[in-house]
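We call the chains A, B, C, D and E, going by the order they appear; numbering starts again at 1 in every chain.
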Amino acid sequence: MKKTLKGYDRQNLKRARSIARFMKKRIINKGEVPGTPILVGEQKVAQCLIHLIDFSPTMLDECKFSSIAEAKPYLDTWSVSWINIDGLHDMDLMNQAGDIFHLHPLTLEDITNTDQRPKMEEYDNYILLILKMLVYNKQNRQIEAEQLSLVIGEHYILSFQEKPGDDFDPVRTRIRKQKGRIRSQGPDYLAYVLLDTVIDNYFYLLEDLGDEIEELETELIEGKSDEMLHKLNYYKRELSYIRKNVHPLKDMVSHLIRPDTELVTDDVKIYLKDLEDLILQVYDAIDVYQELLTDLLTVYHTNISNKLNEIIKVLTIFSVIFIPLTFFAGIYGTNFDYLPELHYKYSYLLFWIFLISVVLLMLHIFKKKKWL
Amino acid sequence: MKKTLKGYDRQNLKRARSIARFMKKRIINKGEVPGTPILVGEQKVAQCLIHLIDFSPTMLDECKFSSIAEAKPYLDTWSVSWINIDGLHDMDLMNQAGDIFHLHPLTLEDITNTDQRPKMEEYDNYILLILKMLVYNKQNRQIEAEQLSLVIGEHYILSFQEKPGDDFDPVRTRIRKQKGRIRSQGPDYLAYVLLDTVIDNYFYLLEDLGDEIEELETELIEGKSDEMLHKLNYYKRELSYIRKNVHPLKDMVSHLIRPDTELVTDDVKIYLKDLEDLILQVYDAIDVYQELLTDLLTVYHTNISNKLNEIIKVLTIFSVIFIPLTFFAGIYGTNFDYLPELHYKYSYLLFWIFLISVVLLMLHIFKKKKWL
Amino acid sequence: MKKTLKGYDRQNLKRARSIARFMKKRIINKGEVPGTPILVGEQKVAQCLIHLIDFSPTMLDECKFSSIAEAKPYLDTWSVSWINIDGLHDMDLMNQAGDIFHLHPLTLEDITNTDQRPKMEEYDNYILLILKMLVYNKQNRQIEAEQLSLVIGEHYILSFQEKPGDDFDPVRTRIRKQKGRIRSQGPDYLAYVLLDTVIDNYFYLLEDLGDEIEELETELIEGKSDEMLHKLNYYKRELSYIRKNVHPLKDMVSHLIRPDTELVTDDVKIYLKDLEDLILQVYDAIDVYQELLTDLLTVYHTNISNKLNEIIKVLTIFSVIFIPLTFFAGIYGTNFDYLPELHYKYSYLLFWIFLISVVLLMLHIFKKKKWL
Amino acid sequence: MKKTLKGYDRQNLKRARSIARFMKKRIINKGEVPGTPILVGEQKVAQCLIHLIDFSPTMLDECKFSSIAEAKPYLDTWSVSWINIDGLHDMDLMNQAGDIFHLHPLTLEDITNTDQRPKMEEYDNYILLILKMLVYNKQNRQIEAEQLSLVIGEHYILSFQEKPGDDFDPVRTRIRKQKGRIRSQGPDYLAYVLLDTVIDNYFYLLEDLGDEIEELETELIEGKSDEMLHKLNYYKRELSYIRKNVHPLKDMVSHLIRPDTELVTDDVKIYLKDLEDLILQVYDAIDVYQELLTDLLTVYHTNISNKLNEIIKVLTIFSVIFIPLTFFAGIYGTNFDYLPELHYKYSYLLFWIFLISVVLLMLHIFKKKKWL
Amino acid sequence: MKKTLKGYDRQNLKRARSIARFMKKRIINKGEVPGTPILVGEQKVAQCLIHLIDFSPTMLDECKFSSIAEAKPYLDTWSVSWINIDGLHDMDLMNQAGDIFHLHPLTLEDITNTDQRPKMEEYDNYILLILKMLVYNKQNRQIEAEQLSLVIGEHYILSFQEKPGDDFDPVRTRIRKQKGRIRSQGPDYLAYVLLDTVIDNYFYLLEDLGDEIEELETELIEGKSDEMLHKLNYYKRELSYIRKNVHPLKDMVSHLIRPDTELVTDDVKIYLKDLEDLILQVYDAIDVYQELLTDLLTVYHTNISNKLNEIIKVLTIFSVIFIPLTFFAGIYGTNFDYLPELHYKYSYLLFWIFLISVVLLMLHIFKKKKWL
């Protein structure tokens, strides 16, 4: 057992502490009126950015706003408006958005509280989807999560992210270049495309994590075991963290597919069914790696047992060979007056021959027992 | 194995005994007519305190009573009356309350029996909610539970607590200062706010507990292991105790949300749905810490194995080095008449050189095997 | 490992054998026509006793019969008749009861077969409830089970027990003294009261068992481990036996509460709902003790590991100290002609000083490693 | 570890191989048209035997046929015809039976494929039940399975067995002697009686198996552990094999009880409900023995640990006593010129007294540590 | 612990890497419009092959096409057309097929993405079934999977495979030779036959795997344990891989059996029910082998423990015998002036007799303790 904290250990502790942090954040919300939008989580961007794409099969409009009020005129048209807001700390903006889009106070609270479990809420005039975008930061070997909230209305989609920069640029390109059917579909299809992008990214995450787990396996087979247990536990927790974020997605999508979900057309529901299968594939991949980790833990413990066996085998072989030899040397070290063997000329030579024969016999026996 | 009981051990036993105590309490109830209100549990306050807040959007009335009968006039009005009773030992008061609010005998029995599992019962004219307020007492490292019973009628809410002092003061302040929508809503919303406060407090509890578990992790990684097993088991039981009290809450809230629950308006059901998500988050947090404890147990056992390996390694290194040396010394301690090596001038010097070479060779081998 | 069977071991075997016995009993039933009442189990009383309490809110009649036929006149009245039969071996009596109360042949077979799982059967004109009364016999540390069968008709209740003596005397007193609502209610309420009494007794049983399990914990912490494994396994089986008998009760009561169960009034269903919660509390208590036993098993195995570590530590300390010393003594026991150290005057003294320094150095190192 | 295969080991392997064999049998069916009756399994009887019992409350007819066609006239009557066929290899007979009783091709395939899981299929004019008769062969300690297929029509029952000899003779006697209600009931009641007989036999099987498992327990407590692990694994597999065959029975019987199962009268459904409870009792018995085996496995592993501790204790006691003694002897074997103790008259005596004191002190310490 | 990677280890790593590869494949799909058919997976055949069998009870036509357009005329007839396509890389062909058979874009994507979980999708005019054909490659001990996609229309069946060569030749023969009912049934029956063939093959796969697992068992019982842990883990993963591919089949077939699945006739549903039982049998077989592997893992770990015990026993026996002997030799090697035993004539002889007696006594004790 090393007594210093290095590498994984520190990260280990950091994660554990981050669990506590996740609950500490809640304290600032204490005693607040439910439905008050308060940023729970750290502010990740200096100023909230508003970006709009308004499109129909024949038309495309794109602009950046400094105030959400500027988006209002786009809502009266039949074209699809995708308004993306990066940064959640501007409570005025949030309240304004709440007024313009008739959002329930709880919706605003859910969006700004970045510790939400993924969930789906159906309100009278919109659907709220909350989920996590997960990225693996290879430098500090930590999964970074960013909350994505989607408000799906009849003619618009509102997306909230914690900070600028996302994986949706290919989607934007598809809208701009009229690739695929995205321009001719409503906001439900756009929501599907965004969900699909997020869930696809889970595979990249799992691939990165999986590469490191497989590296661990190679190390274990090669006999390295430095802080192996901490590493295995570390990845176990990371996987369990991912599963906690993927698990509610299945229910979320099933809920969207239900026949009575009005804002989603039957056409898009077929796509969402496909998404459901994709989520099950993510499950499978997590399962595979969790089973792998469990196996590696067994290998690790067997390695420890085998090492013990090996050490004790060395001890036994040396003891079993030399303890009798020492005894025989002791015999001829006794001072008995009458000890005839001592006085023959070849005694010493014969003694050595006898000792070497004993050693060879022992080695032979050990070889037969496959100890050597 | 220490043979004295100290620190955690004693607490350990205390908790275990407290399980037995929990069942001993039932004995006083033995053979009683069901539906007889009897205080099951210890009396925690000298005199029962009755406190009323009566409010409507435009009006607020607050007073303390010595008899529940004084609350009667407030029941006929359309304003919301919140009557809070601290202390459950006054059976006259209980029976009087039962008469005034038309409570079922079983309701009174459930309220005064403080060993109830959290539960929800729907009667003709009111809903009974029973749950636990949990606080972590850092001094004696024990979770303290207090039972909260809520009777939700059409225009009133009755709350029963075991002793004065609670976490509801921010709620009272919100009523007094007309913050949020609480003044314009009915008793169902007030009940939601109280539930929300209780469940929010579970996070503080888990945070405190989590801090101590993470401390354990740091100790384990640093190699300390004093009574570690008892500590790990202790926290495992505490978490399991919390889960037992949180588990039925999910069903309770789901039941309240059902379309056929009449005393809860659709408006409040949206808030309760949000509460359901909060309970799932509590689940997740308990899960995280239970997984952490399981991992720590593995680390603990691996530490024991590693310590054994280390001890045996020391034994083996010393034995493997000195047992052959002793044999060689024994050889030249024999009394053979003809033992030529003994008589050369540099024999003794060569003997030492030989011995030291053997030692160096062994050390080299051990180093190569990474035993040193 | 002791090689004799004492104390727990013998009981252990007895229980195991009692499992086999439970199945051997079935053999006497082999090839019998289904629906033939045959006593499966041992006859526990010399003569069957029949006891009747007939009551209405205004009237009370109590008598003992030698023949079930004497009960017939009480069946035609609207008053509630509780006929209790102790002893199941009189097949004539059983058949007669079957005729008088129009019982299905399978009902008679179920009542006389005392190896039934708890169950509830609804027939056209009555409900059959079968459950176990469990008592902990502290002398031989064994749970004793007695089967209780209740036949609930419209105006009567038939109860069958294996032997005289039960925990229902307080119920009888309540009927006689008109305490509570029992006199003004029907046989369904009486059945509820009897069920409540039986289930309440499970808590006493668990308390007794729990006391002994907690004693085991104290012993384990104090380092005692005599036949500990057998004791832990023993209690594990006892708890598992209780759970097997409690498990079907939840379904039984749920079934009674269903809206379409006709012989139970809505009024009594509220009480049965309360009973359902009580059963869940029994579950919780069993769970708590089972988790405790699992933890104790871990403690036990860790104790064994720790003991091994301690033993090997002693071996290592002695070996590491004395093996080098013996080597040094061996050096000066050699018979080299030229061995200068042997001839100085203070050699022997210096030799001892050297040896003692080595010992002190070793002890210092061990102390630093916390081995001492 | 023994390196020869004896007793249990060989049986162990045989069972494992029998799993493979079970799948090898399927190969002969490869590429066959589904619905073709082919004997999958070994032919267990030289010639198929056909036996008929035709009965009504007032009439009884019994005869043996060489061709199934002879049974035809009995089908037109309203009496109940029970046709039992021993041996499944005569495909002509099977096809003829299929024609006469209008059996679906899949039914014939299912009957002749003796690797079926227990199952129930409802066809237009008959119900097919397939289950296993299990017998414990005490000689070779193996469970022997024989497939029983029941075709329940409106006025007939067809039963197929792999070989002659069964446990149904008491049933036949009851038909002949008009015991019970069997003569006055239809084929559904007869099917119930046959099912009841088969399931009752599972108890005998479990009793036999249980006796041997309890024997293992006694051996383990007495410290014997010859090939214990293989024995425990062996019985674990046997129990798991039984459970696989009992598990689908619950569903089968539940299916028969359903209100829309037409060929079973309500009267018989009451009996089948009783059978359902019996199956649950079989479950419980399997559970009890599986828990017992798990406990025994723990005992076995603890025995190994304890043995290791005991061995190492012996090693430690001897080493700790004799290594210091040898050192002291070594001291006085040195050849220092000036070693005053050597020259006193009582030195040797005092030396022995010193050595013996050391031994006694050590023994005292070991006794206090409870190592002796 | 071996430090080189050989045999299983390398395969082990290869499989693990193949998990990662499975996800790497997804990357090429990144940001693509959903519903675009792209070959996800490796191209396994140079040119796509199209093969058609068109049949009715009275007619049979068979031909190979180079373009899917040539199949068009066959679709207008009422005869059943089975069009099989080997190779999925020709996207023009895929799109053409999509046009001709009116396939949904997602269907095409699903068919060409060979990482699909088995699934069933019902579209307006066809049913899509995707499943895996699994073959065990005994050379490199790896399961090879090939995706089979079936599109079942009203009068046609489209089957897509990754490469030529399959197990459907017996089916083709049955069509050609008019064996069984296949010629007189629709495409739903043909689909059933194909499914039946695929699932039947799982038994062959399991048989092959099972043979190797049983070989492992034999090796373990014989004491061999070379890389046993890696082998056990390897087969565990293979079985888990099979289960992942079999698991969704149960749902798939249940879905096909549902009364509202229109393209499948009631007649064929009876056959599919039989298929459901077959899938359950596959489950059972996987279970059996997984339990076997778990048992083998226990045996493996017990072997390690037993080996340790054996080694330490040898160490203890030698130490316990020779350490006291060495001490006694040491005694008579001391140089006390007055040591009377040294001077008797038979001292040396008596000394040897004493030593041998000690040895014999020890051996006797060890024999009694069953250590020898």
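Convention: a contact is a pair of C-beta atoms (placed from the backbone, for glycine too) under 8 Å apart; a residue touches a chain by one contact, two chains touch by 3 or more.
From a predicted model like this one, the values you see are computed outputs, not experimental measurements.
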Item to check | Turn needed to bring chain B onto chain C - CA fit, degrees, nearest 5 | outcome: 70
Next on the checklist: Using mean CA coordinates as chain centres, what's the gap between chain A and chain C in Å?
Outcome noted: 44
Next on the checklist: Based only on mean CA positions, could you tell me how far chain D sits from chain E in angstrom?
Outcome noted: 27
Item to check | Residue list for chain B, restricted to those that touch at least two other chains | outcome: 305, 307-308, 312, 315, 319, 323, 326, 330, 333-335, 339
Checklist entry - In graph terms, nodes being chains and edges touches, is this line, ring, star, complete or other? => result ring
Item to check | Circular arrangement of chains, read from chain D onward through chain E | outcome: D, E, A, B, C
Checklist outcome for this item: In their shared complex, chain A is touched by residues of chain E numbered 1, 3, 5, 9, 12-13, 16-17, 19-20, 23-24, 26-27, 29-31, 33-36, 104, 106, 109-110, 115-117, 119, 121, 123, 229-230, 233, 236-237, 240, 244, 297, 301, 304-305, 307-308, 311-312, 314-315, 318-319, 322-323, 325-326, 329-330, 332-335, 339, 342-348, 351
Checklist outcome for this item: chain E residues touching chain D in their complex are 170-171, 174, 179-182, 192-193, 196-197, 200, 203-204, 206-207, 210-211, 214, 217-218, 221-223, 270-271, 273-274, 277, 280-281, 284-285, 287-289, 291-292, 295, 298-299, 302-303, 305-309, 312-313, 315-316, 319-320, 323-324, 326-327, 330-331, 333-340, 371
